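By written order: A, B, C and D. Residues from 1 in each chain.
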Amino acid sequence: MQTPIILVNFKTYAEATGRNALNLAKTAEKINQETGVSVGIAPQFVDIASIAQNVSIPVFAQHIDPVTHGSFTGHVLPEAVKEAGAVGTLINHSERRLKLADIDAAITRAQQVGLVTVICSNNSAVSAAIAALNPNMVAVEPPELIGSGIPVSKAKPEVVSGTVELVKRVNPNVIVLCGAGITTGEDVASALKLGTKGVLVASGIVKAKDQYKALLDFAEAITKA
Amino acid sequence: MQTPIILVNFKTYAEATGRNALNLAKTAEKINQETGVSVGIAPQFVDIASIAQNVSIPVFAQHIDPVTHGSFTGHVLPEAVKEAGAVGTLINHSERRLKLADIDAAITRAQQVGLVTVICSNNSAVSAAIAALNPNMVAVEPPELIGSGIPVSKAKPEVVSGTVELVKRVNPNVIVLCGAGITTGEDVASALKLGTKGVLVASGIVKAKDQYKALLDFAEAITKA
Amino acid sequence: MQTPIILVNFKTYAEATGRNALNLAKTAEKINQETGVSVGIAPQFVDIASIAQNVSIPVFAQHIDPVTHGSFTGHVLPEAVKEAGAVGTLINHSERRLKLADIDAAITRAQQVGLVTVICSNNSAVSAAIAALNPNMVAVEPPELIGSGIPVSKAKPEVVSGTVELVKRVNPNVIVLCGAGITTGEDVASALKLGTKGVLVASGIVKAKDQYKALLDFAEAITKA
Amino acid sequence: MQTPIILVNFKTYAEATGRNALNLAKTAEKINQETGVSVGIAPQFVDIASIAQNVSIPVFAQHIDPVTHGSFTGHVLPEAVKEAGAVGTLINHSERRLKLADIDAAITRAQQVGLVTVICSNNSAVSAAIAALNPNMVAVEPPELIGSGIPVSKAKPEVVSGTVELVKRVNPNVIVLCGAGITTGEDVASALKLGTKGVLVASGIVKAKDQYKALLDFAEAITKA
């Protein structure tokens, strides 16, 4: 996966569900094609297949369960997510926290089926703990800033730089992203300066008046950096 | 929704994931067309859209979360399930139990978006409790018999008839199904004799050597009854 | 258990932990002795034993788990709660919601060891569902009013009277309490007028400037009614 | 806390509930007095206070919740556990797994009130993750061996030595214990040879025909080592 990356979490926003999800996915693909900047998208489970069939950029699940083929009604099977066309998955998002043993098991299962893992964390100590589980990426997001419009890279730069430092010490192979409150290209630039390889963003793009312009602003911050 | 109904839960079985899920859905549609018996299917979230586009029988989600549009990463939004083509949903399956207040809220949300609700229960008292929440259907399944091959209609007929009786007393509008260990047409016939309007089945169909024959056996038990 | 009852939930308030818990328990006992009104108390697990040894009024646990003797580290065993001196337990409080099947199992376990069950609910439909599980009492508390100081008996009287009516229809043996925002004797009087047999209260007593006066006000409302 | 330590988890065993819990606590104290070996005990919440008042050895809670004084009905408040006389707590036992962010928050809360933290893990990677959260101890226990009578130190020595090695690399201040299937002094000796500073044990002591003899066997293995 090419970095720096802008990873857009669609959550369950109306502006990113069903037909709207497909439209936003195409906008993200357009930005990638125009700027060369890596843009990933994480739509809802039911939208993964149709989006993956229609765009060339990386599609992520918002969550997987650490389950196998078998009796797991209502769970999200890594194999199914993969077959639907996703190339990676978020795990342990602030809105879908997992037990520690389940994060470990979900990372293992993702690796078995070939999904890139982006594990969310809430502070630098938890980021370091996650790094010990050997995922591909950690995305640190102080929960109180999520959806706030106050960028973590300004409000809590020490959480971001602390995560970069602690993760490097525990496991230098793990790529660090940051998120929460990221709404402008300037916020993205700050995130990169703090040592991350990109951002995890949701409302900043999904709820923008002009999703294309907002994403372009993000991408240009990366090309300039 | 026409009853009696055979509702096939695909769980996360390999034989009912991705391409296999679509094949089983088409088999189920064929049985419906040949026998006129109502057959519903509950595939995994990521498979709902492609299946709903390709078959005319009712598609159910295996679970929904009691959430709305907004910040609910990794959750299953009723609106998204509906837009993907599902007409109903299982709730509170033995493998995906919910808190009581969340069952109530999930039923309300399903009704708001127009999804038929099939709430799973583990005994007759819990079935009666669920009936008070006014879902469309209750499916009683003693957990210890799920996947056992020992049909609830034979092993614990009193759980089934007790559910039928208690549910009728609390809320006569609620349709009762039963499940767990149902593997033959004879089991289906017993379920109907005990007062249910159909069965919830998983391994009995999904893991059958010949899924078509197994489903046909079920459907013929209904046409004979 | 004598009704009407004032059941005081100590939560994890500083004013009702450890030594403070014992003091509040003695205050509650004094009110009971002076007015004859039934007063129950629900302290934290670790405080149950010392309180039960020192007061004669009924002591409740704030929660039990539906477990038995065995391998259940960190769980609350009904037998242990009983041996420590509790005579009853809250189950499914808004701050400790349980899965439906676990509420049913916890009620069964409580009955096996002889604990009175007070099951919390968030609305009238859920109250009716709980009544079908045959507990001793249901305490309806709209979550948005808990700790608000706005009494449910004024803000949502229809939730209280609806609960009384629906519970009577499903299971007339179940006693109805109400809670949330109850802070004065007047609120208690309203609760009784709406058909309940008492109140579940927390901050209204625990955080009162004068716990004795606040409880006396509650008790006198009951003796007057 | 003196190491090596034998930490006895009482779970919800009948042989270690209520009066039996107090008896076992006194037996453990006797072993400590006779051999000088450090013995800790983790009884159920309701038994903490009476045991802490009656024995001089360290008492642990089996779990705490990452909550503060306030509205947390049915939760286990660190302050209350401390005031009841516990000096430490287990966190994240296999039978009471927590979300990662909650383990981090529970460790922080325990430190704020002065409780020693023993965090349970299921494998060496998870142990390393926990070490990054800076607890006092990690106790590695492969869940499949818990209660099996097959000692982890023999069945999976690589899990134990791997934990010792990885934890040292991530955070050398963290003390490593191991558990699962430990039933003889020989198992304890193996655990020490693999680099741990003691064992977490439950059924091996609690369910022993002669709890005193079993504990003595453990303690002598430590004095010999």
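In this text, contacts are C-beta pairs under 8 Å (C-beta built on N, C-alpha and C of every residue); 3 or more make two chains touch, one makes a residue touch a chain.
Worth saying up front: this structure is predicted, and the values here are computed from it rather than measured.
Asks: List the interface residue numbers of subunit C and of subunit D, divide the shared ones by all numbers used, and answer same when the ratio is over half, different when under half.
Replies: Interface between subunit C and subunit D is built from largely the same residues.
Asks: State, to the nearest whole Å, the distance from the C-alpha centre of subunit B to the C-alpha centre of subunit C.
Replies: For subunit B versus subunit C, the centre distance works out to 37 Å.
Asks: Quick one: subunit A and subunit C, Cα centre-to-centre, how many Å?
Replies: 44
Asks: What is the distance, in whole Å, between the centres of subunit A and subunit B, each centre taken as the mean of its C-alpha atoms?
Replies: Chain centres of subunit A and subunit B, defined by C-alpha means, are spaced 34 Å apart.
Asks: Of all residues in subunit D, which are in touch with two or more distinct other chains?
Replies: Expected reply: no residues.
Asks: Line, ring, star, complete or other: which describes how these chains touch one another?
Replies: ring
Asks: Under the stated touch criterion, can you name all the chain pairs that qualify?
Replies: Every pair of chains in contact is listed here: A-B, A-D, B-C, C-D.
Asks: Quick check on the complex: what are the subunit B residues that touch subunit A?
Replies: So the residues of subunit B touching subunit A come out as 9, 11-14, 17-19, 42, 44-50, 62-63, 67-77, 79-81, 83-84, 90, 93-96, 146-147, 202-203.
Asks: In the complex of these two chains, what residues of subunit D are touching subunit A?
Replies: Result: residues 92, 97-104, 121-123, 125-126, 128-134, 166, 170 of subunit D touch subunit A.
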